[in-house]
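Each of the next two complexes has chain A plus one other chain: chain B in the first, chain C in the second.
This part shows the complex of A and B:
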């Protein structure tokens, strides 16, 4: 137990924070029920995918500034392809869009490996490129999403044998998030490739000397990031029913949640669970502030202050740990 | 050059070495090429007025890129410059309505100093990653600005004549903004290359541990650096509002990412310890000319952004190739 706590202490703390915030929410608004929880999860969904995309790259020792632009591009591509098309056609659109994300992510990684330009500059450049491409696909918010896709995240999961009271707390969006993330992350984490990703993030030189194919691993890490971003773009289209070419505030949110989730910005440490729980915490804070009828602009200040304070606290703890 | 007489080196090699020794030359060549392309595409566009205009728009970008250059020398980055510039511009424009201009100026610079101080303490004392720290403070700053906007919504805004004169005015065809920029740039170049503080910045970026072991108070250097960076950003905001003349809540935000690009194109290493301000100024000029070029080509907005991104990437990659292969 103590081993578990030491290894997963940060994530555990976040969970406790989430539960505490949830209780606070119930105290503020006793009527806060399963329906509100469902809409919270739906709002979190694109953020969670953006954070997953950022996390993979940060663990590999890089950073991806193009996450939000990638989401915008995949979202408008999906929305414009599905507009006016049949429901079955969307079955083809979804894998196509995911493949776009995977390929463009791999291109990001290849550019970094081949040009040897720092990752922050390369992804800054691809941010402009992807944003431009999104504007070429759709120059104003538009398009449409297939009905079955939208149905995928609305409502709850009917589990036979469970009372309705508990069933209502299992929104489909949550299931979708868990399934999509687990299908990719768990096999990866247990594979040689996953180990390599952690290795190049921890120390590129050591990894290289132990025979890890650094360049290939880095490209794959960025490709996975692109894939998660494409999931995020699809989630955007699912929840809004359209595609918007101007990316939302997902870049900043993803970096913030990665740090809050206990992933070190130098790479090699942390997991996917922490950042995703961190996103839930951040969104719930926002909900609480809205329920308290606080001016949304003040909400932005409070969110920023929380982020800065937590990051300072985290850095302080690591510093103490290193000294002792 | 006496060795070349004994052992002839191929011309291409020599050219490359020459460029690597003087990293500014390929940048200036690129700038000239861009201007020539512009002149070919639209004959007669390159005249006195165009040059003055280009310089006017390049100056705010160059100052912000100066903030990036200095922070990058220590291995950091300052993404809060856009918010700081916007805040000081907006506060100046709204406070000058019923305050003395000097008081308004002090009020406008206050958030800049404050944000710089918080950045510096976060990065220097608590050792937070500069990217996160400055993103966080810029988020807080934007929130504060939005709240502030609601309190002054009735009072209206006006641009002080001095700032409009400084931002857009021309004297004998020379932009007045140069009056501010030339001393400022000279000061930055002088500080970086000739003073102890400048040397400390390079030292911290080059090897932080060694610097610390040789008795440098790391947090003092970093805090001073981020305060200076923020103050420069605040001054840029005042200049920019005189140029744009329309206060808004996202005034200088579009300049942030190009300012990073300008510093990187100018040859400053994002990992610290290498670079200088003269390259950054040329980088800012290149980006400004590039923007004009893309506007003149009359492409859709999307294609323009794609080209901008590709060119920034290509220039940086090519430049690294030239400079690194010594």
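This part shows the complex of A and C:
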């Protein structure tokens, strides 16, 4: 137990924070229930994929500024392909769009590896390229989403034998998030490739001297980031039923959640669970601020202040822990 | 144990916030507001009109305002948060007409009255109160093309790509364009309804040296006049909205010929009035209520008199001067300028 706490201390702390916030939410709005939790998860979904995309490259010692633009491009591609098409056609669109994300992410990685231009510059450039490409696909918000795709995130998962009261707390969106993230992350984390990603993020030179294929690993990390961003783009189309070519506020939010989630921006440390719990915390803070009817111009300040406070407090606790 | 230390300041903060939330003023309704463009003069006036009307009506106990820069997915989040807050009505300026359909449908199902202001939405249960945007563009463009002598090149400065107000205005603009076959669009740009962006676009266009005979703007107007004056370019006829800065310029800038088409941001106040009427059981005959625009130009004496009467230098230059809508808003000028809602 203490080993678990030491390894996952930050995530555990975040989870406690989430539960505490949830209790606060119930205090503010006693009627806050399972349906509202479902709304929260649906709001979390695109952010969670954006932060997953960011986390993979940050662990590998990089940064990806093109996450939000990639989501916009994949979202408009999906929405414009599905507009007027049959429901079955969407079965083809989903893997196609995910493949686009994977390929574009790999292109990001290859540009960084081959040109040796810093990642921040390359991904900034691809941000503009992808943003323009998204406007070429759809010059204005539009398109459509298949009904079955939209149904994937609305309502709850019917589990036979489970009382309705508990079942109501299992929104489909949560299941979708867990499945999509686990299918990619768990095998990766346990594989040699996953270890290599951590290794190059921790120390590129040491990894190279230990025989880790640094270039290939970096390209794969960016490709995975693109794949997660494509999931995020699909999540946007699922929730709104359209595609919007102008990127939403997901880039900065993803960096914020990565930091709050206990992933070192220098690379090599952290996991995916922390940043995703951090997204839940940040969205719930937004809910509370709305429930409390706080002046909207103040809410952004409060959100930022909470982030800094939590990260500082976490660093303080870690420091104290090391001393004792 | 150390972990639990995190919770102490948090719970203290929560208790403090909860005590703030408990205070309430007179009135019986709670109204939620969702808006996705922050820092734009028109939208700020809209939000202030909502606050002022809620206060003036005396029927609103509390406003829950979700007002930030976000996309349709973010607006869905805000709308669902407002549903969680158990508001009686939601007045929304949609980020996208179709993209927030699911959220509005859930609100209606939860027994919440939904009123969309400024732009239409596709959700059939929602009420819509909006300025007639197609007519807005048609009136201004027709006047502009007439001023240009029915021929020449026009610089077409649109709003935000994909906003339904923008596509409606495009329809009106194209309708006027069809009536003047000799008028051509020199260039078409999206200003995103951002002052700085529009001014930059105007300066870039002037730098190309392309001759133009008129400029149609989607309400980002005073900075365009500034750009022309600063770069000493010829003052071609300009159409803008009734923003205080532009209305002032129409009377004060020498040699400027232009027209302001009304597009009151106070439509937000009208949205609150409509929501309250529905809550009180007075449903409008139609789902959609349109407010018709007017045109004030400075080419004739009659127009100049109208402009003079409308001008209000005390307002912020980005605020529309038509700060109220007859029959729909009851607040005073002081109330909207103060921008305070019930309980503030």
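Observations on the structure shown:
The rule is simple: the second predicted complex is superposed on the first by the 310 of 324 C-alpha atoms of A that agree within 3 Å, B and C clash if a C-alpha of one lies under 4 Å from a C-alpha of the other, contacts with A are read in each partner's own complex, and residues count from 1 in each chain.
FYI, a contact is a pair of C-beta atoms (placed from the backbone, for glycine too) under 8 Å apart; a residue touches a chain by one contact, two chains touch by 3 or more.
This is a predicted model, so every value here is computed, not measured.
In the overlay built on the shared chain, the residue A:239 is in contact with chain C alone; chain B does not reach it.
Once chain A of one complex is fitted onto chain A of the other, the partner contacts of A:255 are limited to chain B, with no touch recorded for chain C.
Legend: residue contacts after superposition of the two complexes on their common chain; A:87 is shown touching neither chain B nor chain C. Judged by the touch definition given at the top, the superposed model places A:317 against chain C, while chain B stays out of reach. In the superposition on chain A, contact of A:32 is made with chain C only, not with chain B. Once the two complexes are overlaid on the shared chain, A:147 sits clear of chain B and of chain C alike. By the touch criterion defined above, A:126 lies against chain B but remains apart from chain C after alignment on the C-alpha atoms of chain A.
In the superposed pair of complexes, A:115 makes contact with chain B only, with no contact to chain C. In the superposition on chain A, the residues of chain A contacted by chain B and by chain C overlap at 135, 139, 245, 295, 297, 299-300. Residues 5, 9, 12-13, 16-17, 20-21, 24, 27-29, 31-32, 36, 39, 42-43, 46, 135, 139-142, 150, 154, 236, 239-242, 244-246, 248-249, 283, 286-288, 290-297, 299-300, 309-310, 313, 317, 320-321 of chain A are the ones touching chain C in the complex.
Listing the residues of chain B that touch chain A in their complex gives 77, 118, 122, 126-129, 131-133, 135-137, 139-140, 142-144, 146-147, 150, 257, 260-261, 264, 270-271, 300-310, 312-313, 316-317, 320. Across the complex, chain B is touched by residues 63, 111, 115-118, 120-122, 124-129, 131-137, 139, 245, 252, 255-256, 259, 265, 295, 297-305, 307-308, 311-312, 315-316, 318-319 of chain A.
The touching residues of chain C, counted against chain A in their complex, run 2-7, 9-11, 14, 17-18, 20-21, 38, 62-74, 76-78, 80-86, 96, 98-102, 161-162, 167.
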